[in-house]
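Chains: A, B and C, in written order; residue numbering restarts at 1 for each.
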Amino acid sequence: MIDRVRRVAVAALVAMVAVMLAAPATGAQEKTIVMASTTSTEQSGLFGHLLPLFKRATGIDVHVVAVGTGQALDIGRRGDADVVFVHDTAAEEKFVAEGYSVKRQPVMYNDFILLGPAADPAQTKGNDIAAAMKKLAAAGASFISRGDRSGTHAAELRLWKHAGIDIEKNKPAGYKECGCGMGPALNIASSTDAYVLSDRGTWLSFKNRGGLVILVEGDKSLFNQYGVMVVNPARHPQVKAALAQAFADWVVSPAGQAAIASYKIDGEQLFFPNARP
Amino acid sequence: MHPFTDSFVLALRLIGNVDAELVRIVGLSLRVSVTACAIGGTLGVLLGTWLAATRIALRPVAVWFVNTLLALPSVVVGLIVYLLLSRSGPLGSLGMLFTPKAMVVAQSLLVIPLFAALSRRLLLDALSEGGDQLRSLGAGRLQSALLMLVHERLGMITVILTAFGRAISEVGAVMVVGGNIEGFTRVMTTAIALETSKGDLPLALALGIVLLGVVGIVNLVISLLPGRTAAGREAFA
Amino acid sequence: MTAMTAVESAVLGAPLQPLVRLEQATVRFGDVVALRAVDLALHRGERLVVVGANGSGKSTLLRLLHGLVPCTGNRATFPLAPGGRAPVMAMLFQRPFLLSVSVRWNMLPALWLHGVRGRAERERRCHQALQRVGLERMAGRPARSLSGGQQQRLALARAWVIEPDLLLLDEPTANLDPSAKREVEELIEDVARAGVTIVISTHNLGQAKRLGTRVAYLEAGRVVVDLPVDRFFTDRLPREAEQFLKGELPWT
């Protein structure tokens, strides 16, 4: 009996060694660049759709490191990425002003939505986000903030300011910062019946919705602009500037823009290309 | 109990379909952690042997330091390696950041204190039992420690399994230095973290079950290595 | 001291060659004084038996003779031939420590550590030593699966294989049953007959009478009595020593 178990175990071990040796790492010879982007963009599935098309057009492999916007820009500042693709215009312009990139190019936009419990105790439903935020503050409703310097977090702070609420000094009663990504924030909101601001892409692919529904959408302030920046080789000579520029050029080109527009979840388009020609 | 049974079924289905992405992720997890244990194990055991043998005045400080490093969070190791390998850092020209090589480096550093502390304990216990008899044969302190390493080889297997478990289950270090790049530096633990953050909890749990299964197979094979020896069977009884 | 050695020389009928000499040697372990101001000269060919109660310092004396512990005072070894190598020492312990490898592999490190580098030479000497103690058929067996007596014989082979000049034995038969005890004692006598100097510590006075040429009685770390064997058992001894002898019922 022990012999049979032994034989099975050895076979399993051989299989595992085969698996171990089979999956090859991409060779150093191939053309690769590192792109720092955001978790919400990667989790929307856009890159899974876009990057194979880019590879077919140029033969360049893009390795996406998906973190929060703030972290992505820091990775760019350290020169550990060749191109940065985030959605926080103010922070991106600062990045360029600091000399870490030569040029920022707008690429596409998607929108934010306010999600909350179906019962909507703060009565936020509608398409006026400023009014909704005021009602949330007044009601002291439970609200989950990402609190992680991400593009979404920056947008959220802008919206509070726009609604006339000083979030630093007057945190509403139910305001909670999780310091986490969009997915975990949605998880917390759905399990605690709280309100949360999210990008549409992450919401569309989020599977743990619980009782959350879209309460506010369509307000122009909820517009979320994406920009692409090649990291400045003058700052970091090891940056693969030529290959990174090829990506930036492609994504604003008609081919790239068409690829963005063609990405849909359940028939719904997520991102709207708006690169200037 | 639904998420758990769902996950178990999902895990079996993933394995049965031999999903290409899953195979790639499992393969990379194994490659990184096995390599890290080989490198970290060699360095760690040498360090542990030296710590067991040496009598220099600074030894208690070194022991305290190694023991303290046992509590080093994996994400801190990741950060340290990240800063070293960053293009802005001292070793940036190696171009290892966001590649599997960086993950191996980080995990090796993570397991070195474990190997050192555990092997030192094993050897000290053995040396207290027979160290002076080995010295009476003419062995110096380091030679006695090395002989005890052979003597305690079955105990060393447990040390290796402990370190391997720590390496393959950690997520902090590989996430920071690898970047969880799809198809390149995504391993089982970072995949689990990703699916959790996407809210796909059954898939995350299923991947966790697969991970345990992989480690279980490794343990099973190693436990059957001693084969027919009475001592071996005894060790795993 | 000189008077004694002259007597011993008369007894043994051979010119005495010193092997190890201790002068005012004191051994301390932390606060505990294990040996106090010991003066002892060990000569080639002697069979010194060391007796005393538990804790009297017998083990420490043997370890000191081997050189395993440091001491204040003086410990000197003497080469067998002028300008020759220092004497080779080996030691047997009450419970032999064997590595968790085969019988043969327990012997090889000892050979390697004593400079026997050629593989063929090591194998030859290993086989020869195992034959001498009657364990040659067990060479491939795990050493830890041997019986108590066999393990002690293996330890003896391990000591024998490095061709020692001095063999120290720390209560070597205390843990063995009577037949194993006899086997090991015969082997010890064999070794002594081959010219190896022996120092053996024991509780067993019968063993002392059988194996020794000289007996030393230790009490609280001091060598209280040091006489040739026949005189030890016939002379008037200090009171404590007499009591010790009476208290010990030798069950030979």
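Methods note: contacts are C-beta pairs under 8 Å (C-beta built on N, C-alpha and C of every residue); 3 or more make two chains touch, one makes a residue touch a chain.
What you see is a predicted model, and the numbers here were worked out from it, not measured in a lab.
Participant: With contacts defined as at the top, give the pair, B-C or A-B, that has more of them.
Facilitator: Taking the two pairs in turn, the one with more contacts turns out to be A-B.
Participant: Which chain has its Cα centroid closest to the overall Cα centroid?
Facilitator: Of the chains present, the most centrally placed is B.
Participant: Distance-wise, how many Å sit between the C-alpha centres of chain A and chain C, to the nearest whole number?
Facilitator: 79
Participant: Taking the mean of the CA coordinates per chain, how far is chain B from chain C in Å?
Facilitator: Inter-chain centre distance comes to 47 Å.
Participant: Hey, how far is the Cα centre of chain A from the one of chain B, in Å?
Facilitator: The answer is 32 Å.
Participant: What does chain B use to touch chain C in their complex?
Facilitator: Residues 129-130, 132-139, 143, 147, 150-154, 229-231 of chain B touch chain C in their complex.
Participant: Which positions of chain B touch chain A when the two form their complex?
Facilitator: That would be residues 23-24, 26-28, 30-31, 34, 86-89, 92-93, 95, 97-100, 179-182, 184-185, 194, 196-201, 214, 217-218, 220-221, 224, 227 of chain B.
Participant: Across the complex, what residues on chain A touch chain B?
Facilitator: Counting only chain A, the residues touching chain B are 2, 5-6, 9-10, 12-13, 16, 19-23, 25-26, 34, 39, 42-43, 47-48, 63-66, 78-80, 180-184, 186-187, 190, 205-209, 236, 238-239.
Participant: Using the touch rule from the top, collect the residues of chain C that touch chain B in their complex.
Facilitator: 63, 66, 68, 89-91, 93, 96-97, 99-101, 109-110, 113-114, 142, 144-145, 158, 162
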